[in-house]
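Take this structure, written in structure tokens, and hold onto it; I'll ask about it next.
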């Protein structure tokens, strides 16, 4: 795959992202190491949305005037781009949502659950893959079970056979953890879940942006991800699911676009994916996401992944060289991505983040919406540096230098 | 580190209190103990208030958190211990006003003493909660202690 | 109010909307009369979003680095702008959703309903204010009741006292109908509903963009509207509701941002409005909506409304002059807005719309997501011309000329 | 009206069939009757099929809708009445292919006859359903009629 693309030239790529030239204050250039929270957007994406809004904007579907047909073609064309980006055989398997959180809530709302049923999630989940299932279990009387974690930040699968049983209806877990960086073995867990007939949902919010993900071979029945973390805009996310699964599930939100026939006596629903897309969809945002996957495909996801792996290794080396720093999550490159959490002995992450910001270095601090995992490791919060395709060694060097200053300031 | 913003946040007074906190540790006697948490960042404090009639006789605490929250607890105890409840409450209100000022208020040094060092914090929305944690815990505990002791007013 | 603003100069205003200079095909300029489906966006809105994405993009809340603080301030600042635009006393009453449909679904999901309870809606509702209540009634065993319509396109309130009773828990209705253009008497209906303690929800998707709406005096407990119909982007909508109502309702979607504390044992929820905003919100879109309400406020909503009223009158006169044309909805200017549905004797709306498009005139044809109302008037579909602040008499003239051509083509 | 796109949609043949539809009205005998609706635009058709052995002996219909859907019903009846089911089905499939062609296919006039006039419709995504309504109804009714008559193959 990689061979078809131009060599990966970070310096050139950075020119596509105007924000990277910004100074956070006079004389202090931005060093953006918070891409796991949200990625920056290349000009191609901003231009596609601008062009949509300036030339083609109309509401989609049911319109027969020129703009409406153009807007519909652009919107449905974006669906096809996203489908082929993740290897979906049928673009009807791609449901546009407002973000990854909504995608997971959608599934948690419509999957039938009953008292005695069980849902299995993991202790490293993002709140967006915890709370929807807590609420679903409260509503239905089902029970929530948790896959635990090992000390070095991996799923503890030693008791998987007990956790996943005939009672299990859903197994939902993160592909790549936003807190720990861990990449989980989807196939292993999915195989076990499918043995008992459970639905497998993978939170791919942090994997689809960073590595080639092929839903045809992944092993999941449903996958959620979010536009703003993959060079696309805010306001759009994706739920991919097997066509037959989508078809058998009841609708989520009701309204325009998602209906077939509405009468006072009752309504029938449109075919998928529109059944799950009530109301005017995020049209300009779908166009932006389509441009984002074009951008990523042009670079090649293999190349993006290789670049990030190389840089993550460099980052880990740098972090390990800082006195009193402990990485929370896998300390080596084995099955991990470019989001690296750490704590500095005796210095609170808030202070670390604030002082780094003084050097222009943007990292995220806090529990990263993964509080159960923080509690598991006995820490209230971490600092997290996270990379993307436009990150370079200079970014990492600035972080390591900044951490030195933090230590001396609070030393 | 010489960026002016930073200095205005991490004043030397704040760092001093952070490194050598005053009145830290939980002590007896007390009429009320509260536990407050800032779930966003995990800052935590357990705080006890001992009243002697109308007077804040002692405030003791344990907790962990960032330099701002820790220093703020230390400064707060300096300010309220020994004061009549009404006066301590007035200081609390002045501090609250300062935190809401977005850096636009000239703090009243006669009332706030060392706490004027926190003026810069009000320019950092994400940090204001850190600075307020101990104060909110004190307010809560004091109200409970007043109830406990039969209401002093 | 109007006096504070520059005189309303449509020619100048049109320059703010680049799409209005477009030709739908060589030599055929666009005549956009489909603003009820979605409005066009002024440069100020496009620029605000571009600037956000190019200079300030970060995830909101919990971030302490410079970009995160800027993004948070811009996002929350947009909430304040929207609040003051609709006269909300407290910006916490403004919940950002993905569109108006989600806003209404949110309410229909969280309002407690039980068997024996009743929900009252009207026969002129948009599907987005029908299907959520049909689903809510199915789930809860409550009963859906309908306020009927008069022949000239108004609510038939003659039996309101029977329809709204002690059993009524919610009365939900449209402020201005997207199909008929009718403006409904909110205060009258709200007063009756409040007598019996029902919650009043107003679908303001077609009113907030076109007239001054002041939630403090409107009489509703909750109001829904949508960014893309008011010069803002797609991907954002608003649920306004009384603070105490929002506070007492349970959460809707679960995930990041909407929680207070998450543990394996259970979770507690953030204060409003964040309790209802799970996941990364539509940040850039909120910024765009903020710029849109600034744009509207600068023009003055009184002036916008006056302009549209004048032009609607001109449009109605023009339509009445076309042979064999029947207006569906109020035929006069009394309590009506600038969305005008009509049918041409013996010519199907699809053919009308298609032929108008040949002259560059964009109107919408179909049931306009209000099929029960279409059935009420015994028609499968209408053509609808709808105006906005940038519409002018030339647009109307082009429509009327186009309708003449339609008649001669199919005559 | 002379825009080329429009002419390619509203061919004279289409307008002729729209103004003077063939085989319209519901007739006896029939083995199957169906009602199809295009909920998006409200086009409706009630359609009956009468088979005589392997042959489509009659197709009759009532309905309302736009010129495209009405003309398409008329043209369809011309094409299928009198043909063996297999042959009529082949015409239906050819028409379907034409509709999915986005204007890229040169229609086979020997098979489609008057229906070639619908080639332009395939460039208007919102109108394709209109052109297909009667054909889909015919296919459905024919399948039912075949079942009814004990299966002719």
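For reference, chains read A, B, C and D in written order, and residue numbers begin at 1 within each chain.
We take it that a contact is a pair of C-beta atoms (placed from the backbone, for glycine too) under 8 Å apart; a residue touches a chain by one contact, two chains touch by 3 or more.
No experiment lies behind these values; they were computed from the predicted model shown.
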For this session: Name, by label, each chain that touches both members of the pair chain C and chain D.
Result: A
For this session: Return the chain pair with more inter-chain C-beta contacts, choosing between B-C and A-B.
Result: A-B
Exercise. Could you state the distance in Å from the CA-based centre of chain A to that of chain D?
Worked result: 47
Seminar exercise, completed: Rounded to the nearest Å, the gap between Cα centres of chain A and chain B is 39
For this session: Averaged over CA atoms, how far is the centre of chain A from the centre of chain C? Could you give it in whole Å?
Result: 31
Seminar exercise, completed: chain B residues touching 2+ other chains are 39-41, 124, 127
Problem set entry | chain A, residues touching no fewer than two other chains | 25, 62-64, 68, 259, 261, 350, 354, 365-366, 371
Seminar exercise, completed: Within the complex, chain B is touched by chain C residues 62-64, 68-69, 72-73, 259-261
Problem set entry | Partner chain B, residues of chain A touching it in the complex | 25, 28, 348-351, 354-355, 358, 365-367, 371, 374, 379-381, 405, 409-410
For this session: Write out the stretch or stretches of chain B touching chain A in their complex.
Result: 1, 3, 5-6, 9-10, 15, 39-44, 64-68, 124, 127, 130
For this session: Mind listing the chain D positions that touch chain A in their complex?
Result: 37, 39-41, 124-127
Exercise. Can you list the residues on chain C that touch chain A in the complex?
Worked result: 18-19, 22, 24-25, 30, 32, 34, 37-38, 40-41, 46, 49-50, 53-59, 62-68, 98-102, 104-105, 108, 123, 126-132, 134-135, 146, 226, 228, 233-237, 251, 253-259, 261-264, 266-267, 278-285, 350, 353-354, 356-357, 360-366, 369, 371-372, 375
